[in-house]
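Right after this note come the structures.
In the two complexes that follow, chain A is the common piece, with chain B as its partner first and chain C second.
Presenting the complex of A and B:
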């Protein structure tokens, strides 16, 4: 469908910034996971996920994001989210994602925070 | 779980207006359904953030049914209602009905973040998300299927 999630990425040193655009379900989550793992394998130590253009993340998508977070934590890396809608923010907190990953209002704040930790 | 031969009648809300939609059990059909919820939410002047909450609750109800209901007709029957309480409070209600095998929601153990992160159980959050996002949730289920009615006030 036309609302399938698109993922783009920019590498800034040891930090990879990913932008999502569209619905994050199992397919969208897997696309994010593929790109995240590619970045981690090529030396990124921190990921910033900017969800500004995503308004729905379903529980399957979040479960895949949790797997990404676990992989990042295994590698002693850092994962931060930014530009979440209130509904996505609330859902991340319900499922506990916010306990293990940081959430920032803006990409700049997220980037600065993770850069200071890698 | 209460077993019935046929589904119990839908509780009728006084003065409500209904729109019905049937969607096939197929990938991403839940997103088609959210467009209807959004249109009705906008119609009653609901905020975009509240509409997003209704949309996600509807998505979760649909994907639960897609994955677990094993519907006899391979369809989900959705009804969208808007109405107003006597005190003037407007609401949007979404009903998701499937003719599947039913389940006992009272015996489902809610997941926890600790189980999700430390173990293999990363799924099973649908009902918890629905209950957290909506103002009222009624679930009835039996061997006739499952009906979830979710209400959000403007």
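Presenting the complex of A and C:
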């Protein structure tokens, strides 16, 4: 895991898959939000965030992810997370992210699930 | 939504129907921007600004139109809605609480009061609901964060309790510490009891170098908070790569095991916040849990090492048992006895006997340097060398030189051994021997004299090209030969006194006429009595031969 969070993305129809690599803090969260909003503006209706290479998330990062989730919900879209470490999985559930976003073990499962909903 | 107030101008009453749809325009834009936009749309204002009441005062939350000149909120804040300096300022209230103030530029004075009342009547509740919703969300987030801290402490305890891998343990502690204090960076350095660095982990760059951690005199039992770390040293250490720092020693019973430090607490707006007493308490708890887990991992490591040594000793003992003769040969004209008492450490003692042609007996007593498996393997190599070379060698000196060359060629480790090799001719009583740095053998003569057979060369394997002198003595009928290893003479008691050559000589001299088996047992029991139960660190080997 690198120190500064990097975000890469691949668009598959109406679904955008984002991969994070690094600490999701203020900087990392902003990177994710910027890319997510860009995808939503260009017509994406579902976001899949693969956090396989992220092992730390702080509360600022979580609040930004909640903002992204709200934006996705405003657009009647779908947000899913996958490949979370057990610690991050539990963090997302406690912080309420899992209430409106889905969590899947693998990217394949997440992609299949959101594709069926858009 | 409520109906339009009666006092509203007809134009605005007609516009009321459009308010709902106006607020819904561009729902992906933040609500505050929509409130400013709706107000501008309904009043025809050229510019609009919305100020929100925050904890520390007023903050601009949304603007519409050109940014400059800035529509600054009048000082003091208007007590009621109306025109000030040509701009319309509208107090947005709900449930008797002021939530925000809307500033509009370019609104004519004629309908200013009615406009203000109208805007306040529907935008006030909308803003109030928004602020309330936001406060509820913030409170909910805060509660969830506290719950997360508690859960993390619980999970960390569970996770560390079963974690014996120091690197994984360090990652777990550092990740959670950084995450829950919202720190931008952090370092965890673990040190050995002697202060050497066992491992170091860093996130966001190296906050504390391993070298700094090893000498950092952090106060024990408490976290050190330095919210001016860029300017002032933290517990005597100037940290170059942070603005604010929180550090705590990892210690067990006052014994330092390492350092855990985090720096630069983040905020949503990108600024760096002060670390709080809650952060300090949290980091201290993490450090305490880490210390207990590290100590457990260390003790576990020691137990594993002890088990490994035990296994190694068992293996060495097995090798030694296989090599030592199971029984003594029967040689007419000679009475023989031999014994080997291995210690827990498993030394490298070895003895062997070789019936030779013409009724002769060859025998060997050797002591390899070192202990454990390496010594046992060297004994095994010596055993092979002797059995391979004994038929080829022309003399005892030649045999010892061959063993020396064999060891140099095949032994895995560079060690040496002392060795006594003798050949007895029972018929003639001639006894030839080589003593390669070995303890002096004893000959207890039947006439009561005691002779010592000193070393005739250096230990085997010590110097390349070495040679050994072969000596010959005559054994008369009844003469007793005693060859032993230093484990016998160097056995110690609790006063750290050695059994010594004198005691051995006395027992051998006194027992010269006793059956050799009986004398052998007697020597060993005398050594055991002398040691009084003190564990010995060297094998004891004894070989006795009496010419009939």
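We take it that the second predicted complex is superposed on the first by the 116 of 118 C-alpha atoms of A that agree within 3 Å, B and C clash if a C-alpha of one lies under 4 Å from a C-alpha of the other, contacts with A are read in each partner's own complex, and residues count from 1 in each chain.
Keep in mind that, in the parts below, a residue touches a chain if its C-beta (ideal position, glycine included) is under 8 Å from a C-beta of that chain, and two chains touch if they have at least 3 such contacts.
What you are looking at is a predicted structure, and each value in this text was computed from that prediction instead of being measured.
Partners chain B and chain C, brought together by superposition on chain A, clash. Within the superposed three-chain model, A:75 lies in touch with chain C and out of touch with chain B [touch as defined at top].
Contacts of A:113 after superposition on the shared chain: neither chain B nor chain C is touched. In the superposed pair of complexes, A:91 makes contact with chain B and with chain C alike.
Residue contacts after overlaying the shared chain place A:23 against chain B and chain C alike.
In the superposition on chain A, contact of A:33 is made with neither chain B nor chain C. Residue contacts after overlaying the shared chain place A:59 against chain B and chain C alike.
Of the residues of chain A, those at positions 3, 23, 25, 55-60, 63, 66, 87, 90-91, 94-96 touch chain B in one of the two structures and chain C in the other.
Every residue of chain A that touches chain B in the complex is listed here, in rising order: 1, 3-4, 23, 25, 55-60, 62-63, 66-67, 70, 85-87, 90-91, 94-97, 99-100. The residues of chain B lying in touch with chain A in their complex are 28, 30-31, 34, 49, 52-53, 55-56, 59-60, 63, 112-114, 116-117, 122-123, 125-126, 128-129, 132-133. Contacts from chain A toward chain C in the complex involve residues 3, 23, 25-26, 40, 55-60, 63-64, 66, 71, 74-75, 87, 90-91, 94-96.
Within the complex formed with chain A, the chain C residues making contact are 27-28, 140-141, 144-145, 147-148, 151-152, 155, 171, 175-176, 178-180, 182-185, 203-205, 266-268, 270.
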